[in-house]
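The structures come next, written out as structure tokens.
Shared chain: chain A. Partners: chain B in the first complex, chain C in the second.
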Partner chain A sequence: MITRAPARHARRRISEEKAAQRRLALWLCAPAALVMLLVTGWPILYAVLLSLQRYDLRFPGERAWVGLDNYAAVLTDPFWWNAFWVTVVITVVSVAIELVLGMLLALAMYRTLVGRGAIRTLVLIPYGIVTVVAAYGWRYAWTPETGWLAEALPAGSAPLTEKVPGLAIIILAEVWKTTPFMALLLMAGLALVPDDLLKAAAMDGASAWQRFWHVTLPLMRPAILVALLFRTLDAFRIFDNIYVLTGGAADTGSVSLIAYRNLIGGLNLGIGSTMSVLVFLTVAAISFLFIRAFGISAPGTQGERR
Partner chain B sequence: MLAGTVAGCGGGSTGRPVVNLYNAPQENIGALVDRCNRLAGGRYRIVLNTLPRDADGQREQLVRRLAAGDTGLDVLGLDVTWTAELAEAGWIRPWTGEHERRAREGTLAKPLETAVWKGRLYAAPYNTNVQLLWYRSDLIPRPPRTWDGLMRESARLAAQGRPHYGEVTGARYEGLVVWFNSLIQSAGGGILTPDGERVSLGAPARTALATMRAFARSRAADPSLPSMREDDVRLAMESGRAAFQINWPFVYASMAANRPGMLRTFRWAPYPGIDGPGRAPLGGGNFGISAYTERPRESYEAALCLRDAESQKIAAVRDGLPPTIRSVYDEPEMAKAYPMRQAILDALQTAAPRPKTPTYQNVSTVTSAVLSPPDAIEPARTEARLRELISEALQSKGVLP
Partner chain C sequence: MKADRAVMTRWLVVDLLVVLYALIPVLWIASLSFKHPSTFTDGSFVPRRWTLENYTGIFDNPDFTRGLINSIGIGLIATLIAIVLGTMAAYAIARLDFPGKNALVGASLLVAMFPQISLVSPLFQIERALGLFDTWPGLIIPYITFALPLTIFTLSSFLREIPWELEQAAKMDGATPFQAFRQVIAPLAMPGMVTTAILTFIFCWNDFLFAISLTSSDRARTAPATISFFTGSTQFEDPAGSIAAAAVVVTVPIIVFVLFFQRRIVSGLTSGAVKG
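On to the complex of A and B.
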């Protein structure tokens, strides 16, 4: 039953089949791609269009195209740059602390022999609490007269009213809430490390630290980088903790908070959208940096495209 | 069970036109709604919808829905500072003819002025408000008339080791602007020119700023001053750590309920000034009618009922909201609930309204950002910065902090 068609013909048939398969694949993907375009592409495009206009909801008559004027206004504004650097500091510091703490937690959870399920559940509790609810808890705790943490400070101090202590408390609340998430992602990475390798290293006389540094960490690299990317992007968009804890007072507002203030409070769609676009560009730049510079692959591609 | 549910639903659809009232939380407003629904005799039925607790949250919800042309809003409970913004944007209807006559009749001049924009009436005054100086007569036997005098009293009490804080709203929000606005008007100036078109500030502003800075650095200042809002101020006084507070009259009813023991020595005096008597902050709320309502006639009727003399008396006696109709102050029930009613009427003569401009929200936001924290104010430099940022805010240009 073997057809002895010329090789050229066979190749063409195979390529035809492939092309048909590819067409089918495209057709199957099309609805999803279209929906993605509509729900994410259009709002982004719309925000870009708004950012090029003077458009204040209270003065609809004065709506006009102003080119890059809004970008000039935002990028020369000290309030914006203060919010930007505050966001950068919160992101870098909180993610760094979360990585170390998360790794420790992951190792502890991974090695636990007794009550593993119960411990994992316990660790995840902070992540399960709604951020705003947790933030209120922290706010009252740090408020003089009502709070147990404020009582521990010297009398008369109100940490949430000052910039540095306020930021420290915001970072603390972030770390408290999201370290479990980091630990969970890292624990999945730990599972990638074969026990045999660690045993072999131990046989060769490697100390616990050497095994961790030279065997575990390199193998966990993709998991660590994915965890870092997720957390960095999340941390950069920080809003709720700041909104509740300080409301942006004493210059503790983030870029998301200042964008909200201009867009929703100020009803200034032009300036607010400009800020949203700038936040979007920064987040895109962070992703690009992680993917290119650190060679992370998207989850699911198994690092093929390093 | 099922029958109950059906009956429950059925009760709502009796065919009477529904008027949706959106108002700030107020404990006994339900009594006003019930009364007006009874009086309406089937012509309409008011449904109460409660807005968020803070003024910014209330404004955000209202303006977002109005900007979208939402027809589900009919009668709107508005803060006195929003009139210009909502009127200029065309989101609330002017009051004319018979409705206007009824809204103006017997209404006190200052509250009425807060509902007017460009010569037209845009809301019916519901309640007014003035801040007073509240103090403990066991600590301060004779209340001073100026901020300097208050600071001296605090220093004296501190030296004796007694409660000496003076609570004011120093957090970065509207309350800080209210404080600044009253001080600058007490000093004979204003944030904006009377027409609301340009920045005024100048020497009176520097005097006001110097006073705020001096207060924030004095023994009178609570360490939490940069985060104090009206309710924190009230609680600080009730907890016994303050000798005086600057606040709205709701603190009296609260003190009576929470600390009846302290009520005996809890007194009020006119708002302090710079060299003499001050000009108290003017607050309050008005009822506006949405431009997108589908039942304008019923909405005007409902709003007029919700703010008539009887409704205002109920709101005053049960919820501590000072009336806008002059005659209500003479009602016999007011004597017990409102022992300070004459002080309120006196303060209303000179009360300092906030600047009238459609961009008030922007002006307020940048002002509170520049003034926070009050102990970091440097009069000359802060005045220059305010001038620059408020000029931009007036054109809704620039960035809000």
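On to the complex of A and C.
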């Protein structure tokens, strides 16, 4: 009887403390959560509403509900599918190159014996430079007459005006700009691999390649998957590079670019919103696949386990 | 000794390749900005006739100077607000136990992956209705939103590393909770906040899609968007010289940031994205 009362008292105090903690947390998180909800949640719902209407700002009088007509129009439009596959190709090819190149870069930055600090600094420059600025650099480099790279091509060729060379240059620009980011993420993964394990494997006679393939890579798996997910979704949004390099000419436009053109050039809110919703659904599907297929847990949610 | 030297040489070559990779495109645009108009089309990597004309030209261009002011102002305000809101949320995530924590982290992850283009059509219409189109807040608000996940992830991982027992110890020694926070915890959290602020500012400075979609005049158009609207002073003049010079001007502050805060940027990026 004597010991129970203080225990109950203590329990109540703990739960009071907990409630106070919850209230504080709620107030601290509310502004950020509210901003994110209001600026992404509400507009995406609004985009769905707009996508169900015929709504062209040039002919505001013809505004009407049309159901799924806009979706039918976009999904049967060869321009949309061309942009879709262009985006997929750019995403897959550039992320694949970035993974290999980024791994090499990460190993070089991690293991180099010469000027490690300087190398790690310089590699950040492509990350820091404004994408549009870098894109202009590449554009002038490949433009006949102004460009040092165009000089190397046979006379009369203008790579930015043709589809395949144009896409290759867009991918080059994308890879140059974002490989350092990939390399940094992978370098963080490399730091998770204990040196002892590599030494032990070396003692057992594993070659450098075997050590990399059987020890380093499996331990880096989480870092690699997160980097892949981030970069895939980021590459799928590609806009700046294409806008500057080809402007979408010769069928090199991405989904973001043609959605932008329909909206700002065409002032067609209905079709523009339909494309917005379709891009959103595609990105959601990609993240779902990644999380399902590779079992990536959202970064941050495993915080408690550490 | 000989083997050592061979290894060193090999690394030197690798390093050289990395340096060339990172710098060549930047040096090229810088070289273009110093080229005299008469040598513009020589295709040479190094200018044959140097000039500063391109630079004086763009600083005489009111559109560009206005764009720079917009970029700096919008970037700083968005960064400041994102840091304040992000720090509050990150503190709660790192320090407090509350239901919905994982939901908040998951939601901000969703926002981080949100395709910006999906917001352009609805925001265009919403901002026109609210009178925010082509204004500073019209860009600041979307920038805050997309910067928040970055600040929340980066800061919460920084804050988690702080030995919070220090706060307890300070309180034991008679400090008020506010004193304990201000004199013990805040100095420890400061490097993380600086890092996050730099990353956020780079993000705002880099944005192009919102900057060209949600503005229609030089009232709020930021520098990268202004550059893309450059035309020569006459219809037949190629604006390449001005674009190159403007490109260098826009790049320099970021490169300075990167060189100064290199170590912190690396840890910020990797802790924010990988460790979470």
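In this text, the second predicted complex is superposed on the first by the 264 of 306 C-alpha atoms of A that agree within 3 Å, B and C clash if a C-alpha of one lies under 4 Å from a C-alpha of the other, contacts with A are read in each partner's own complex, and residues count from 1 in each chain.
Operating definition for what follows: a residue touches a chain if its C-beta (ideal position, glycine included) is under 8 Å from a C-beta of that chain, and two chains touch if they have at least 3 such contacts.
Note that this is a predicted model, so its numbers are computed, not measured.
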More chain A residues in contact - chain B or chain C: C
Partner chain in contact with A:Ile264 - chain B first, chain C second, else both or neither: both
Which of chain B and chain C A:Ser157 touches, first, second, both or neither: first
Which superposed partner A:Met182 touches (first chain B, second chain C, both, neither): neither
First, second, both or neither for A:Asp56, with chain B first and chain C second: first
Which of chain B and chain C A:Arg237 touches, first, second, both or neither: second
Which of chain B and chain C A:Tyr46 touches, first, second, both or neither: second
Chain B versus chain C as contact partner of A:Leu124, first or second or both or neither: second
Touched partner set for A:Ala134, first chain B, second chain C, both or neither: second
Doubly contacted chain A residues - partners chain C and chain B: 145, 264
Residue ranges of chain C in contact with chain A within the complex: 7-8, 11-12, 14-15, 18-19, 21-23, 25-26, 28-29, 32, 40-41, 43-45, 85-86, 88-89, 91-93, 96-102, 104-111, 113-126, 141-142, 144-145, 148-149, 152-153, 156, 160, 202, 205-206, 208-209, 212-213, 224, 227-228, 240, 243-244, 247, 250-251, 254-255, 257-259, 262-263, 265-266, 269-271, 273-276
Parts of chain B lying in touch with chain A, wherever the complex brings them together: 56, 60, 63-64, 67, 85, 88-89, 171-173, 223-227, 235-236, 239, 241, 358-359, 361-362, 365, 369, 372-373, 396-401
Complex contact set, residues of chain A against chain C: 18, 21-22, 24-26, 28-29, 31-33, 35-37, 39-40, 42-44, 46-47, 50, 105, 108-109, 112-115, 117, 119-134, 136-138, 140-141, 145-148, 150-151, 176, 180-181, 184-185, 187-189, 222-223, 226-227, 230, 233, 236-237, 239-240, 243-244, 255-256, 259-260, 263-264, 269, 272-273, 275-277, 279-280, 283, 287, 298-303
Sites on chain A touched by chain B in the complex: 56-60, 73-74, 77, 79-80, 143-145, 156-158, 160-162, 247-250, 253, 258, 261-262, 264-268, 271
